[in-house]
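In the two assemblies presented below, subunit A is common to both, partnered first by subunit B and then by subunit C.
Right after this comes the complex of A and B.
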């Protein structure tokens, strides 16, 4: 296992460097300098030149890339070109809030989707199954932006039960204390995730229900509860484990829409704003973090699979 | 006063907001939007509407309370991010200025209501007196203004600003967003303060007084010379007239201004001359809170207890807050105009008016591909294309009535002192037949819904023009910005009209950044032959709206490489002559000569609730004039 993890880590480093190179090249080839985006349309040529010199955009591309690598190795992500703060500070301010929103939504979604999918599989072709399938398809077809607006329109503006915006607390602890205001944004994420996860779960459970080991378990007199929880759930969860692993990057990145509609400042929005401003230091750091999370997510999923199913061996 | 910025929606999520508007429309009850154009808007109002105005301005109420908190919106992408008046280009925006001006007043305040002119009642100094053939000007300070530590705002404070500004731009041209080499402060040869209330500036040459006051002096924001003339916290007070000292002071002030998290606690920023003092500033969102500055010397002091800037991640979130009645003042994005009746029903007042500036569809005069440069250099071709633009239909269909017709760089709305006669009547009104006739009379075979071609090449009065061969078509591509969506809608409308005279337009969407960085003749000459026409928006303008740098031959922002010696001459006169009507002549010629197709100017709409004040204090929001000190909460 340790050898495997070390080998995967080495591969991950290569992948991450490749991503860094690709993103850096793509950014600089499309826009060699962000000066006009940052300084505005009425930036004089002299101001543009001064900006480029100050930030090194007048240097050869290879020189800029090596500088970027050197800074990254030293965990220095530079200063935002627009926000008068270091990228590290901006990440620190926003990452916890994004991770909390996504993490809570992910856990709740899994806790709902797994039993729901199994229940549907066990009671397949029943009214319950048809209803759950219909609702899942219905919700899955909704863009998340639309889900957010419906929730706000109904539960905030019409019924006035819940706040129209997420918690405005700046600390994670503050957000946790303001749980009521997080109900709608978390619900929006849960709704779209449950729809997807439960479909995978149902499909996987259906496959497993037809397996001999389930028949054997039942034949030897195990209770239905035991069959479902001890045998079926564990074996049917493999696709969900993979999906959850791949969802890890979403902890930081995946909630641009929810953050924007529910007025919740987070990393997704930070990235989107930086994209509009061509704020290179933020864009480079964000994609780097994203790449690392993808790699970690895959690794975690692989390891979790071996724990769930000992027949799977990491080699 | 208004910094020069690109005329672009502040809202980054216009598309999302549009979808939101659809949903909210479905959830709420329907109703006419009211307002806009020449229609009579609904809603309680006491003043009559004028063209281009959206909504009405209610009369000031006497049903008020003292104290309380007034809340207003700041949105993602338009947050204040720099507190010191010598603001770098990266942080320069009208929104940053709104924030700063609450703390640090500009020497000359604009606007006055919805008129982009100097408001003398709110200015720190009287209008300058020009002498010595317009090479010298004298500024007399208004005596009632004081810093929050009790010291008067003096001519030395203006001088200090200029000294620090000089140091900033000498260090790096990008250190001041409104700096153009050769202009202010470079054009100030010397200055003196014969007494604390008087500043004399000697200029490097004679300038048009209107140009100098309205474009150069309006960038001045006096700074507390006796408190900020230090190079370190607790350090000795330095003489800023010494360039080396000025650099040290600037470096220190700039480094402190970059510490966003300390804005509310740093003693430097506690010395203010504006109507408010900062008490909290959230570095993550830039949301902030201010309280009244008791020493403010302006004509009206704040009567409420707290002013809160509430941050929103998107215009959708901001509009939801308006719908929920959670903020007193907020902007209304154009995509949400159909929802205005819902706001009115919950007690909001809504008013909009175009801010000073112009929007245009830019011709590239340097693209030689397919003889485009020869085609577009013909005035009759530009006139024919201008006739294809149906401004009234665009205002109604694209802007929901919240825009005003504009035919040149100085529009009739909002009114300034420089509106030319031809700004009030469209010199090239929408007319397919006029466009057809112009082309036919110059040797083109017009094929409606087909392809119009040149049949009579040559340089005669009834021929196509120099460099246009027989069989040449008039087809071209328009690159338009995908955000805000109005640029695309305008372009599609033009495409439809052009088809009727056999001109085939290919609309291509690009990001705003891509267009301004790649399709701009002065800064990206390598791409001069890659684009014919573009629609990226336009410009906000100074209150003296000359097109200097935009339409003169060597203009840094002359996107399409427009070249016209007479235009240059007129622009030059606007800047340097003593003729007070020079700008009118310039604007009139540009309007007639069509370096671009000028498009309607969108209203800047605000909604407010639970507060009252003089109508002008709300009308000025349309011109980025933010004067909450005039407001009071209502019972």
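Right after this comes the complex of A and C.
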């Protein structure tokens, strides 16, 4: 068990180093030196050379890469080109709000998708199952920005029930107090996630329903309620652990779009603004943070799954 | 679970028809027609209504986008600003957009880029992925480990983020988008093909071919890749759907194709400014087309996977 966790962690570290190398390469490919952006287009070649020398952009690539790793390990992501602040500081200010939005949406999505998938499996091939499968398959094909758009069109503009802008409060508590304005952004993320999760849950529950332990539970006279809630739900919920780990890239991407559509001050909106400004340090730093989150998410999911289901232990 | 990166949730999710249903349909004492396994797959595919609807929809969109402009003439070079935002009526079944371009003709042009980029990017990703996967699976050892770590790194970096960063830097043309989306989407097919090749290389017919002196090159092209093709074909359809979604999302965020090219995402982001004015024709027709096209490819992919399952069971 310990060996497995250690080996799994080692692979994760290797992948993170690889991610850093890839992001560093991308940084160099798209953006060799910020000299022009900082000094302006009219800067003399001498000034650019001097800038590059002072900031180390004329050193060999391997040297720059080691510096990059060293800085990243110390959580130094460089300076934003346009916002006159360090990227780390900007992340610190925005991360809480993003985590709140994505976290709440993820929890709600799991709480809806698990019972929905199991109910579909139990009532297999019923009208309810077909409807739910059809709706989730249909919604799965929706780009998330269009989900946001339709939600705004219906609930804000037509019915005038909910605001079309997310909470503008600066603190996390402020956002929580302003829950009404968060209903639409959270719903958009929940809809997209449930569409992806519930199909997976359904097939997992179907697999479990066909297994012997369900027959045994029924044969020994347990009530159907007990079979479903005690036995089936527990066992078929396991894949959701993996699924949550695997869906992190989608969640981050969804978060980016939802934040920019609803103008919610978080990491996604920060990234979106940086796109318009071509503020590469922010863009690549957030891509790196996203990738590291994905690696950690998958690592945690794998370990959690092995703890929950000893049969999966690979060694 | 040793996987690190995310898997495409559509791949993992339940097919529309479950295995048991397919078995009931095809193995219930039915005598198989003589024929190749591909023919059997085709037969299963044909009986799947949703898959057939998907194919019809794709054919419709190809005709609509590429033949449509020859039947329905509209001026897409100069907009008549005076008539901007004109509602649907005589001569303009879907009205005009905010720059005075005819919406219906505009949707056709947007369909062209969506289909071109979707097909080309998916083809590029699948070719790279198949080659890398086949080489990794066949070579094994260090080459395999190295290539698979690259795949892990690629899967860890959230695709939308890196696509956005590159789209900002190399914006505008169809070729740029094919390359940007293609080179960031080959990781899943690479892993799938490697898995197939790993199981195929131990099979008798491959061993026989090897013992008769076939070179690695010949094994790869004659035996491994052709037999892994089914998996690749299923994946290609989902790749197309994803590429269309990526293009529209990037376009919606404002970093899509440059004029004179049109993309649906860009059209939607123009239309959303007029949502408050109630100009529905600038949003819902485009959005509907986008969703239907993605849905069509998802239907086909699902149908192909079921058909392939049947083919594999017979092999």
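Worth pointing out:
Operating definition for what follows: the second predicted complex is superposed on the first by the 255 of 315 C-alpha atoms of A that agree within 3 Å, B and C clash if a C-alpha of one lies under 4 Å from a C-alpha of the other, contacts with A are read in each partner's own complex, and residues count from 1 in each chain.
In the analysis below, a contact is a pair of C-beta atoms (placed from the backbone, for glycine too) under 8 Å apart; a residue touches a chain by one contact, two chains touch by 3 or more.
Keep in mind that this is a model prediction, so the values were computed, not measured.
Applying the stated contact rule after C-alpha superposition, one finds that A:249 touches subunit C and leaves subunit B untouched.
Contact with both subunit B and subunit C is seen for A:149 once the two complexes are overlaid on the shared chain.
Taking subunit A as the reference, the larger set of touched residues comes from C, when subunit B and subunit C are compared. Of the two partner chains placed by the overlay, subunit B and subunit C both lie in contact with A:276.
In the overlay built on the shared chain, the residue A:199 is in contact with subunit C alone; subunit B does not reach it.
Of the two partner chains, subunit C is the only one touched by A:18; subunit B is not. When the two structures are aligned on the shared chain, A:183 is found in touch with neither subunit B nor subunit C. In the superposition on chain A, contact is made by A:48 with subunit B only, not with subunit C. Once the two complexes are laid over each other on the shared chain, residue contacts for A:133 go to subunit C alone; subunit B is not touched.
Using the contact criterion defined above for the overlaid structures, shared-chain residue A:302 touches subunit C, although it does not reach subunit B. Overlaid on A, the two complexes show subunit B and subunit C touching the same residues of subunit A, namely 30-31, 145-146, 149-150, 152-153, 157, 257, 260, 272, 276, 278. Subunit B makes touch with subunit A in their complex at residues 4-6, 12-13, 16, 19-20, 23-24, 27, 76-77, 81-82, 89-93, 172-174, 177, 179-181, 257-258, 260-261, 282-285, 287, 311-314, 316-318, 320-321, 323-324, 326, 513-514, 516-517, 522-523, 539, 549, 556-557.
Considering their complex, residues 30-31, 36-51, 54, 81-85, 89, 93-94, 145-146, 149-150, 152-154, 156-158, 164-165, 168, 170, 257, 259-265, 269, 272-273, 276-278 of subunit A touch subunit B. The part of subunit C that touches subunit A in the complex is made up of residues 1-7, 9-10, 12-16, 18, 20-21, 149-150, 152-162, 164-166, 168-170, 241, 245, 248-249, 252-255, 265, 268, 272, 275-276, 283, 287, 290-291, 294-295, 298, 302.
Put simply, subunit A touches subunit C in their complex at residues 8, 11-12, 14-16, 18-19, 21-23, 26, 30-31, 124-125, 133, 137-138, 140-146, 149-150, 152-153, 157, 196, 199-200, 202-203, 206, 210, 242-243, 246-250, 252-253, 256-257, 260, 271-272, 275-276, 278, 280, 283-284, 286-287, 290-292, 294-295, 298-299, 301-302, 305-306, 312, 314.
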